[in-house]
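In what comes next, chain A is part of two complexes: it sits with chain B in the first one and with chain C in the second one.
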Partner chain A sequence: MSLLKPFSRRPALNTATILLVEREEEFQQRLAEVLVEETAVTLNVRLAKSLPLPFENQHSRPRIDLVVFIVNLTSELSLQSARASLKYLDPGYFLGKVCFMATNARNAAVPQERLDTLRGLAASLRCTLLFAEDQTADGATNASERLLTILKVAAGLVPMTTALYLSNLTMCTVPSNTNEVDFD
Partner chain B sequence: MEAMQYLSESPDSINSSSNDQPVSNRNLNRSQRIAEKEKRKNEAEDPFVAAVKYFSDVEAGTPVMGNDVFEGNLVVVEKVAYAEGLPPDAISVMLEFAMSLRMGTSLCPRVLKCLIPATVVPQDAVVRAVAWLGVSKIPISTQVLFIKWVLTVFDMIDAKDQLRAIYGFIFSFVTEENLCPFICHLLYLLTTKQNVRVFRIRKLLDLQDRLGKQPFLLHLLSLYKVFCPELVTLSVPSRMKRGFRNHNSPWKSALAFVQKKNSAAIAPSAGVTLTIKDQSNRRKRKHCHLELPVLTCALNKESQAELSSNRKLVPLAHLRSFAELLENMHRIELPAQMGSLLSTSVALHYLDCVQEESALLRLNFWLGYTLREEFLFCRDGGATQNSDEALQFLNRLLCAHQFLQEGFSSSEGFLYKFLTVWDGCLMRPQILGLLSNIPVVPSYKMGQLLLEPLKQLYFTSSPFFKCGLLECLNGMLRNWLTWHSVYALEDNMDISISSHTSIYMTLSGLKDSVSQLVQFVDHLAVVGLQLESCHSLLLNFILDFYETVCDMFLKYGLPLVVLPSPGVFYPALLATDPVSVDRLAYIMHRYKVNLAFAKSQLKITEAFRISRQTFSDFNHYVVDMVNFLWNAKAFQSGVNVQLDEGILQRSKVPECSTSFDLVYHPAFMSYAIDFHHKCWPERKELDLSSIKHVKPWSWYVEYLFSQGYDGLELFKRTNINRWQPVKGDKEDSGTMQL
Partner chain C sequence: MEDQMKSLLRQLVRRIPIRFLKVTLEKWGRLTVAQQQNIDFTQTKWALADELIAYSEENRLTLRHITELEMIYVIDNPNQGMWHAFQLVDPESDAPAVELMQFKEQFKSHLNELVRNVSVKMKKNTDEAVWIRIAWGDSCSRPNNMRPTYVVHYLQTPYVFVTRLTSKQKTLLSQAMIIATRHQAIKDAHLSGRNFSAIRDLLMQEYEQVFPAKYPSALVERNQIAALPNIEREQAEAEVNRLQMACEAFGGGKLPQLQSVVYKLETKFKDPSNQTFTEREKPFNCVVTFTSKNLLESLRHCASSGIASTPITPLLSSIPRRGRNYFVITDKVSGPSSQINPTV
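So, the complex of A and B:
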């Protein structure tokens, strides 16, 4: 089992690399297209269906600064696949270099339990959980902007801050009572 | 559900009411008689009229089998029904014919299926048909079909008052297992506060024990709970399955076809002038919740005329002006669809001043349901979410909020849910606008409901989202403070934010909430400035927020003074744009005025105690500010920014202590150079230090003030006692003593 390690390579100057992992391989493609339009930094976008990554490219693969698991909430498999992939990551990644992105959270077909499970998973790993509107172009643009914000920090391009610091601020929390929030 | 397409009053009813009026003119009378004769002649020829007449007169027990006359007539009626819909009187006749089972039970479904109204359905017909449910032996499947039909045409029934009057009778059908889901739906549409009774709740709970947690029962019970929370103790799950399905399948396509065909003819007569809704771009959707229904009256003209004599109710739709509203305030008949209230200003005025809660309860229930269905549990996964319709709906809601100067509790609940799944972009202006209108949140649940999701959004988003959110929180704080200043009672210092939202909060509770909000924004501001490397725009939004905060005591009467963190103060003081420094000076000036006022109040009463720490922090800030800007002694007082001498030397900046005074400050240096040119135009060499002599310095400061830096001027006036800026002479900063 080959672990993906965050510090196995030296960082390149003004370069950031993001790995988008999505079982369905739908949204990642569109996200990647928007992401590569970024001009301020040299941005590498790597796509994968699941982890572990194939052994062959290991030497040519740049250092990956941020791993994003895209979870389509309408499919249980999507969540299971992301969960199964997690164990191929070096623990060092969980210091702010992993985040989850949920799509379809507002769909009526999504059972509340699945969203809760994902929230619990992200919270237990102290990761950020982002929500994205994958159906619209605006949604994809916005999602990529937010990923870039995190990526720049994770790649060390923002002075005075670190990935761990940012993830401490943004990490997902599980509300004590999700279902019966009392509004009165 | 409530917001199904609503047809306006039929032209027929208007005609008939005008026929009732006595016409004195003889000629007119004659011409009318001729017209009448003509009409009768036409009727005799018209097979449809004849067919309807046949069904109204047909004897009970007439055989169906082999009855060609009957078959022919029914075919005629069906043809008209599917082509252009049936007029109200034909609906009455056919419904009566079917439900009375004059020709047996087998025909009933066939007749019901062709009952497609062209305009409206007379209420009397429906009431009579419901009565038939009780007396005749109609098969259950046909009963179900009938109720489904009522649900389908519910919004076309011309009035609901008599239907509401037989609420109890309709309720008695819930025990019938097959009818129950549909009866529940009908009751759900009819329920008013008076209908919610303990025995009905008990019956529904019994049913729930027997049938399990059925969504239709839950929906009805949750509506009861909205009306009478004290009677229904059941906990309703926040996420219910869609309770009532659309039952209109047998009629849907035919109805849509007929409506489409007739809409052109009806639209001009739908003359509710106050509505804002654009009639032309009306679009039929599968579940068109987001369309605000047109405000129509629940009573038609005839029944209104007869009712006005005994009950004296005035439909809201008939009121045109605020003056009329005032006259009829005590006898308003609410429209059948509460959503329509949002679209007219008269209705909003009514909501604002009405004391009775049922209007708001109904509106809240409808709104909560609509928002949840449309934005939280969308059927298509949100593909159509950015549609104009959704935007228009939220904008309308936002307008209503701003008009009432408060939010609806249902939209508050919706926002808390929505924030946890929001991507930060979808309908951002609307969502942030609604958010800034939410009523005061008690501090113990503010963190989880509001601050936690906002924090996660804020730190992962662009600086522009950050600015937007800060503006929104600033608006929220301003609203809370305004409510406090308006509603705070003198003696027990309670805040009771209007009778509707029923928020009662003690002064200390409000102070807790406000200080928690301010601290939260402070945290966002400090870390945001750090992450965005002191983004100027962001800094300005932060200073906007503090302009509200610094005046809480004097402007809004809330005895609370919260100072900004050093993480906000110093970035603003050392900012590269003069506007930020000037605004900070203004804010510090206002703090000084507020604190001085608090101190003077303290002598009178002990209630306004401001902590000693606040005074001491304020003094440190003022001393630092004066030392930085006026005394050229940056980094020397050293309470908040303690810099090691060695580090300052290693920076190799000569005389770094002077580098932030008004001459060398990066924000003001261009002014210093400009001033230098104006003061000594003959000089070739730039010598900024010459500004620091007594005379030029005072001129220079005056020059700065004349450039519009009022904040600095005010700050100087309130905080600096004497200023003789000879080098080495210390300026006295007017610190506060306790």
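So, the complex of A and C:
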């Protein structure tokens, strides 16, 4: 089992690398095309269907600063696949270099439990959970802007802050049941 | 006879959309140029039919001429009604030598022997297909031209496509067909659909086939989108593999527009969480139908995008391989996995 490690390689100057993991491989392509339009930094996008990443690419692969799991909430398999991929990440990534992106959350066909599961998963790993609209071009632009903000921090391009610090502010939390009882 | 001609013409005018009517009449060529120019296509269909009936009487056209008009229309627009495919089996030694005139004569005479009142009309299309229109009657009634059966046969191939056939007529038709084409038997190919060209292409395998190759073929190049330099696919190889497998199973390029597939399950119910059903001795019968605008294309996409696992299960890949869209699945006698039963 080859773990993906956050600090196995030296960083390149003014460069950030993002890994998009999506089982359906639909939204990641469009998102990547929007992401590379960023001009302030050299941005590399790696696309994958699931982890682990193939061993052969190991030498050509730059240091990955942010891993994004795109979960399509209409499909249970998408969530399962993201969950299964998590164990191929080095624990170091969970200090602010992993985030989840849920798509299709507004779809009426999505069972509420699936979103709750995803939320629980993100909260237990202290990761950020973003929501994105994957049908429109605007949605992809918005999603890429949000990811860029996190990515720049994770790649160490923003002075005075770190990924760990940012993730403490943005990480997903699940409202505990006890609080709700108190409200009643 | 006159009445039948009139009602057939009226039915035809009602069936053919106005935009096709002009072209069809031109192809038919039984009206003079002046008559064709006189026809006012903006009037109601009823009035249009009246006008056409008047012209046909003027030109002394008979029922046969009107059936010719119908055939022209059906050949150009075959996607109406259900088409069923049949396959001729066990050819005799002289089967490859059957040519059109001989086939025509034999088919007509044999069908006439079986049923007295039957009217058969044949037309050879440009693509080597023989189109046969059969108006059935029985011993005491005239052939009913209002609901004819259409049969399409490609000479020297074992495939026959039929639409609007009742089970009683099926035995008669298959007998005449077997004798005329010099075969021993005919069997149901378990393929049916509304799109005639789709089921023909599927059964005769007239679409781009992809074969296993050691070196990446044109498929790879075709699917490489002008890749941006900063975007890299980590699992590109696996993706190409999946696409190759999907194309091997379903064919490359444009696929026949098959619209539905039916699986009839006669297997035992297996679900560890549901004891009541699992323990039942009898098989759990149900029918699974897949429908889509272009089913093969969707299945190929499912496989190439990884939604369906590769290698593709024989349940799906046998649709194009065996040219069927109706399957009965039964339990194997030994072993838990299901199999496709060739007999229905």
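The rule is short, and it goes like this: the second predicted complex is superposed on the first by the 176 of 184 C-alpha atoms of A that agree within 3 Å, B and C clash if a C-alpha of one lies under 4 Å from a C-alpha of the other, contacts with A are read in each partner's own complex, and residues count from 1 in each chain.
Note that in this section a residue touches a chain if its C-beta (ideal position, glycine included) is under 8 Å from a C-beta of that chain, and two chains touch if they have at least 3 such contacts.
Remember, it's a predicted structure, so these values are computed and weren't measured experimentally.
Annotation: superposed three-chain arrangement on chain A; chain B versus chain C shows no clash, the two fitting side by side. Of the two partner chains placed around the shared chain by superposition, chain B is the only one that A:T149 touches, whereas chain C remains out of contact.
Once the two complexes are laid over each other on the shared chain, residue contacts for A:L13 go to neither chain B nor chain C. Of the two partners chain B and chain C, more chain A residues are in touch with B. Applying the stated contact rule after C-alpha superposition, one finds that A:V158 touches chain B and leaves chain C untouched. The superposed arrangement places chain B and chain C with a least CA-CA distance of 17 Å. Shared interface residues of chain A, touching chain B in one complex and chain C in the other, do not exist. Residue ranges of chain C in contact with chain A, taken from their complex: 228, 230-235, 237-239, 305-307. The residues of chain A lying in touch with chain B in their complex are 74, 102, 104-109, 112, 115, 128-133, 135-136, 138-139, 141-143, 145-146, 149-150, 153, 158-161, 166, 169-173, 175-176, 179-184. For chain B in complex with chain A, the residues that touch the partner chain are 229, 235, 237-239, 242, 375-379, 381-383, 385-386, 409, 412-413, 416-417, 420-426, 445, 448-449, 452, 455-456, 459-462, 527, 530-531, 533.
Of all residues in chain A, those touching chain C in their complex are 19, 23-26, 32-33, 36, 42-50, 53-54, 56-57, 61, 77.
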